[in-house]
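My structure is below; once you've seen it, I'll send some questions.
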């Protein structure tokens, strides 16, 4: 059920309208992976994306850049022009271009070519080409890794179901960090690196999440006592998101038992999905599903 | 049930006594969010609190303070006087002022204005105005984020139920930290930064909670072996609070029990303990308990 | 059941033998907390232990020691002589002195006085007086914190039940640390601080447990790639002890359902605790419990 | 079932073919632990492996090496020649040498002797002799620690069952690290140690896994804000593998199901699905399924 829903969502910008014969062919090559040409296109695309991401990463290494700057220049523009063509072809071949352009993949496809053009004005931006890596998510669809997509969706569903609880938790973590960070700022002062409240809040987050860089660390006895309290708190409350998520995942492994249809006789709800009669008044329940 | 209980607790300093007409109006504006004026008041208050917290944070940044010290001076006194008026009005408009003054929000409201006045004597204290951030907790009530309040209460209930176990755990963590900290003090000595037992205990907490600043670190082989033991212990016993909390949350998700009485009409079982009629044939069930 | 068993274990060195009247009185004062004198003795003892632990901690702080060295000297010897008298009285008043001397508290009581005497020969040892803190565990018994003792035992029982799994896990963690530590030693060499295999193994433990001091850190690209792998592994396998312990605790919340009595007719086992007849052959089962 | 399957897998290179009498004896000594000679051989082997691993570790410590270099030289060659003989004897005595050579232990046995020989050409390689530690896994078989093997297999089964979910999770962690690492590279630049995208990705992994060395740390306000986000994310998503693994382990603990058929004689329910007779009255149950 999960999987079918997601498959539907994924292709809904490509259904409905009839296309002319050759646009249909183009569509099956670019969006489909059933035909031989379609599979080949996908594999070439994955290789191109991977090489392009690798090129962006290596071009940021000083030693490589100085020696091969022209290679990186041509690679970057080559891949960008290639992906620009691909993006235009996608817009042309897809059944509902507007829906595609606003879909998750449509936005990623656009963001994957923009940084090179914007980079002409703001040079640093071009490294954001790394966002192309998100295009590789398509890999799951192409190689029919449907099970993985299903697993990912189980995880995402549990995450969505527990998102309210997790937001409450994050709000608590942030509030604690701001209050304790300010406290440490008052106690420690600039000498130990707590130069301002925002920086002290940053330190509190580093400590509470048990990351602990050590670039800022309390030096006074009182500061260290409070810091020790924050650490133990952080060590303890990591149990909260873990507990939330574990409980949610375990729940998702057990089938739903209670229907939310009301009894037509007495209007009460909370009947089991296999119930034929109302457990409160004995009246017949309508057929569920 | 949880939610209703909490709602009751939250307003119980505002029930019972009758007020004169205009105090009633003031009450509905300040404490309520049902009327238009009440909602407006709350929104203005949230903006004022947020700006005030932001001002406190920015005033601690040296660069900003030197340039705009007078802005921060007036903002601080402005917001403090505003919140002082608000506090007095609250005391005046509420039905049971004593209960309000001793309630969680009443104390926070007072603590949110005191630091400015105390700051006249002890300048550093004024940064504790940051505690105003706790006033934002009201945001949940104002925007009818009742679900979030419910989620928070599920989390808090599970936390309270497991608090005895967690206290036992914290006691064990502290005892381990004191014993191992002292051991490292004897082994390492001042050369590696273990200058006293309290500092070594601080180091042990930093290590056991996997924060690991690195400002103090063992240098001798024996010290490193024991430190490795502490780390593995800390890495392992994080399972304890997580296990406690997960088990508690999962327990709180458990659905109402199933009775093991069979239906006298059709003989089938699996009825809920609150069922009066058989869900398979609609026949009356015998009284259970 | 758990609690009663533990209470039995705790006092079994104080049962059986008859004592003369005044030794009986001494016994009830020292070991009991029911009489007024017994409660007073316990409270005085807890205060004495706490002060003594505090004195040991403060005596290690250079600034305090230089100013008050004679105070610390007298405090240390005073408390040690006091606790020595108490230990001798305990041996004298208890019903089974040998069992007491070998019990957990008996050993802790002895270890709490030895460091001062050994400290005459090896000065550093005296800081191990901190072990006196373990004597404070008695606090739970004295203040009738039986619930806490019960909670602690639930946690310990779950820990014991999962100890085999946790040992297997620790063995895996140590083996991984030794193999990856050696690998990094070969790759990084002394320049980055990986001066020997034992030190590299120490680094691998620091990294795998997500402590991350940063006193030793890989500098070469290959070393950093492998280090990243170790970190992700450590981040992932923390799930293992947590999962083990959570599952064990959740199991301990559900009542035992299956008896291990065999059926007298067919010899098969696996009957529910509430079964009166064998589910395989229909023969009557003997009364269980 | 688990255990028996694994035992079968472990010995399947030693079944089938008939051997001459003295090769049979050799086989029982080397591969078996039932005879006295076989047990002695295993114990000697474990001691030899442990000493050899210890020698490799100590030989990497500069201070020891300079003083006892000739001792380490002879120990290394001595153990290597010994294990080479053992490997040849194993190949000779085993029933199916090819299967053995390709089995897990066969490969480990070979890898445990190769580094010394390759070390003649590439000196650093010899430290990889540490891989001999994996040979100690045999310890579980020799001392009949079958329970531990079973526990390890429960853990491995749960790990295998959740491996798809964990792979999805690791893919997400890596993608996040690459995107956020690049972002920090653009924001921070070389001044703060973010000298290239690969190095920034390494930093993102160090931060997301809450290791936090602190050798690289953001210095700009924007960088610190994003870093704080990554930390909170890392602190939160550790819940994901933990939840997956906990849920999987708990599922593996679930007892056999209870049928919901009532007993035709006494009408009571709650019988196990494998029950043939009622556990309350002893009457025959109808065939279920």
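All chains are identified by letter, namely A, B, C and D, in their written order; residue positions are counted from 1 within each chain.
FYI, a contact is a pair of C-beta atoms (placed from the backbone, for glycine too) under 8 Å apart; a residue touches a chain by one contact, two chains touch by 3 or more.
Given the structure is predicted, the values throughout are model-derived calculations rather than measurements.
Chemist: Please report the minimal path length, in steps, between chain A and chain C on the chain touch graph.
Modeler: Contact-graph shortest path, chain A to chain C, evaluates to 1.
Chemist: Examine where the copies chain A and chain D touch and state whether the two sides share over half of their residue numbers (same) or under half (different).
Modeler: Chain A vs chain D: different; shared/all numbers falls short of half.
Chemist: Whole-Å distance, chain B centre to chain D centre, using C-alpha means?
Modeler: 41
Chemist: Between chain A and chain D, what is the gap in Å from one C-alpha centre to the other?
Modeler: The answer is 31 Å.
Chemist: Averaging over Cα atoms per chain, report the distance between chain C and chain D in Å.
Modeler: Here chain C and chain D have centroids separated by 28 Å.
Chemist: If I count partner chains per residue in chain B, which residues reach a count of at least 2?
Modeler: Counting only residues that touch two or more other chains, chain B contributes 169, 198, 201, 210-214, 234, 238, 242, 244, 246, 250, 270.
Chemist: Which residues of chain B touch chain D once you look at their complex with the stated criterion?
Modeler: Where chain B meets chain D, its residues are 210-214, 242, 246, 260, 262, 267-270.
Chemist: Contact residues on chain C for chain D in the complex?
Modeler: 164-165, 167-169, 175, 178-179, 182-183, 185-186, 190, 195-198, 201, 207, 210-214, 217, 221, 224-225, 227-228, 231-232, 234-236, 238-240, 242-244, 246-247, 250-251, 257-258, 271-272, 274-284
Chemist: Of all residues in chain B, which touch chain A in the complex?
Modeler: Those residues of chain B that touch chain A are 53, 56-58, 60-62, 124-125, 127-128, 130-131, 133-134, 136, 147-148, 151-152, 154-155, 158-159, 166, 169-170, 173-174, 198-199, 201-202, 205-206, 208-215, 234, 238, 241-242, 244-246, 248-250, 253, 255, 270-272, 274-284.
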